[in-house]
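Scrolling down, you'll hit the structures one after another.
You will see two complexes here that share chain A, one where it goes with chain B and one where it goes with chain C.
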Partner chain A sequence: MKTLFHINIRTPLIALLLIIATGFVARAQDSRIQLASLDHLAAKANQTVDVAIDERLIRIAAKVFSDEKTDEKEIKQLLTGLKGIYVKSFEFETEGQYAAADLESIRSQLRGPGWSRMVGVNSKKEGNLEVYLLLNGETIGGLAVLHSDDKELTVVNIVGPVDLQKLAKLEGQLGIPDLEIEPAKPKTKNDEK
Partner chain B sequence: MKTFIAIILLVVAPTFVHAKNDDFNAVVKMIEQFYGVKHVGIPFLAKAGMKVATTAARIKGGQARRIAEAGSIKLAVFEDQEFNGDFMKFRTSLNGALNTTWMPVIQTISSGDGEQVYIYLREAGQKFHALVITIAQRDATVVQVTLSEKNLALLLKDPEGTGKSITEEATINDQE
Partner chain C sequence: MNDDYLWDKSGPPDPEIKQLEEILGTLRYQPKPFEAPAPRRRSYFPLLAIAATLLIALLAGGIWLRVRTRDEVPPQQAAVPGKSPISAPPVEEKTAPTPKPQKRLAPREQNVAVYRKRRNTPPALTQHDREEALAVKQQLMFALRLASEKLNLAHRKTQSMSPANQIKNQHRVG
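Showing the complex of A and B:
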């Protein structure tokens, strides 16, 4: 009887715990987008860069940045709390080497719950820049940058809370390409008139 | 049932240990088989090992600094041979062989000049092993080194640059 009681109580309890745990895992992985659909482009590309740095490696990397120098301190703060940095970048010799479907395979993920496209973010580089943020309530859960032009396609996915205003500081660090991102300027009173 | 599990463990365990401990040699063999090339023999490697003792790498800023932990370098060199082959197939094979025990950090393929660079990491107690595979049109190197946490951080800050420095450290004789 005791055993039966234990089975009766334990089974739904374990099931409940599993459901809760699965929910947490799913939430933690939400802002990581799948980039493998782009892998086939490497065969056509002149230059391919593929970067994957997970949370543990980010924590180690943060140690190399100084607490003394303002710039490095900002990068260090920016890295704190990040769970992953993933980059895929392709440069092509000629135009038309990637299809709209390749972009769509990324954009379709960024239409998922929580993701929203940032407006007013520009790049000094030629081409089309799209920046998406994953918002978990008031906090930022992740970021995706999609830069495309006739001969280039780059996707940067940062998992974790990332300050968009400081994102530009990460460019050129940890394998993140220099996209020359210019964050949207805060609105002034004149803009509102 | 227990006997069955014991048999499975006996079969699987040595394979796993072999794969983890011998990935360096496995990668060298993979390059040889895939491209039909041969790495330079043991006498040269012994010589290279001696060179390594006095080697320093030049990293950004022109500072001479040793990246690899002393005595930790494994090196295989392929010289003046043809590296013609489908790099996508090679990359898939390489990742398939290493991804269970190593973390791929950065992989760059430049089809224009035929250069491929792969950097993998794995934990080694308090330190880390880095495996840097560089394949150019006529030469290739496979370098495995042990890194301190500090030097791993350098590698992560600038994966491509530090990866090159690790290869240089293993192959270039310091003139100082």
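Showing the complex of A and C:
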């Protein structure tokens, strides 16, 4: 009876432990960066941008992207599988408003397992720009961009599989101040109908 | 105390051992003639229960599909005036003086087409949801544009650098 009891208890216990362990591993591989350590800079900043869009909001937004417009269709495809997009950007009046420790708090997270620094640019004019990718084998599991210059600090974090080529293409397509205004397109025969 | 009794039952037994033997002796194996157990009737209850569950699930699925189809596709009449397409003999259709348009679908095909079209169309958003979605869309577009700008900037910078510097700047961390 005792043995039976042990067997009965042991199996679900092992299963439970496995589930918990899997959860921890999945959490460890999560490409979400904690940006809360930069929040104190908002008080010093001249302009602050804080975007936090989780998976639920991405799904909601994806519903209003048109399948018929090519550019919106591409963005919708890009959003497929994404679990979050987080941006924090601060623009300061004067130099030296943020400390090296602020940058280090972000960089330390990007030294975690799976993250690779793909690009690091140090320019007097453009400042420091670093691009990190979370690689899950052959696929990209997340992206982080860290840009800092004398008067600006920007962190972009995209959680989930990102198509870098498609993302890079978007700059031209999305450079519109009011995003509800459609760009002028040449009329096609289908439009006239 | 003589231990030989414990090994081969030789020598005088210890009274305690004897007492234990008497107590435990009642539980000794008693040979009995073999009695074949009466054949048990096989219980079909589990099989019947599984079959009934599957049947109920199938029925429920069928009813659900039927109700859903009925809700989404209202019954439509054939647009052909006069005789119904079912009752019309095929010979008459061929010899009719006014030929039907070739692309016209049969009522069933029309229903299927309408059903498929509706099925592919996402459910309409409420006003509140739409407003929320548009607000998120703007934020999303901004974030993507910013990410795109930064990526392109990095790309431009790495392209303008010498190959030696590029290699130097691409290293693995972690």
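Throughout what follows, the second predicted complex is superposed on the first by the 136 of 193 C-alpha atoms of A that agree within 3 Å, B and C clash if a C-alpha of one lies under 4 Å from a C-alpha of the other, contacts with A are read in each partner's own complex, and residues count from 1 in each chain.
What we mean here is this: contacts are C-beta pairs under 8 Å (C-beta built on N, C-alpha and C of every residue); 3 or more make two chains touch, one makes a residue touch a chain.
Keep in mind the model is a prediction, meaning the values are calculated, not measured.
Once the two complexes are laid over each other on the shared chain, residue contacts for A:61 go to chain B and to chain C alike. In the superposition on chain A, A:46 contacts chain B only, with no contact to chain C. In the superposition on chain A, contact of A:153 is made with neither chain B nor chain C. When the two structures are aligned on the shared chain, A:164 is found in touch with chain C, with no touch to chain B.
When the two complexes are superposed, the chain touching more residues of chain A, out of chain B and chain C, is C. In the superposed model, A:145 makes contact with chain C only, not with chain B. Of the two partner chains placed by the overlay, only chain C lies in contact with A:113; chain B stays clear of it. Look at A:35: by the touch rule set out above, it reaches neither chain B nor chain C.
For the contact definition in use here, the residues of chain A common to its chain B contact set and its chain C contact set are 49, 51, 53, 57-58, 60-61, 63-65, 174-175.
Against chain A, in their complex, chain C makes its touches with residues 122, 125, 129-130, 132-134, 136-155, 157-158, 161, 169-174. Residue ranges on chain A touching chain B, taken from their complex, read 42-43, 45-54, 57-58, 60-65, 93, 173-175. For chain A in complex with chain C, the residues that touch the partner chain are 49, 51, 53, 57-58, 60-61, 63-65, 75, 78-79, 85-87, 89, 110-121, 123, 126, 129, 131-132, 143, 145, 147, 154, 156, 158, 164, 167-171, 174-175, 179-180.
Against chain A, in their complex, chain B makes its touches with residues 87-88, 91, 103-112, 121, 149-150, 152-154, 156-160.
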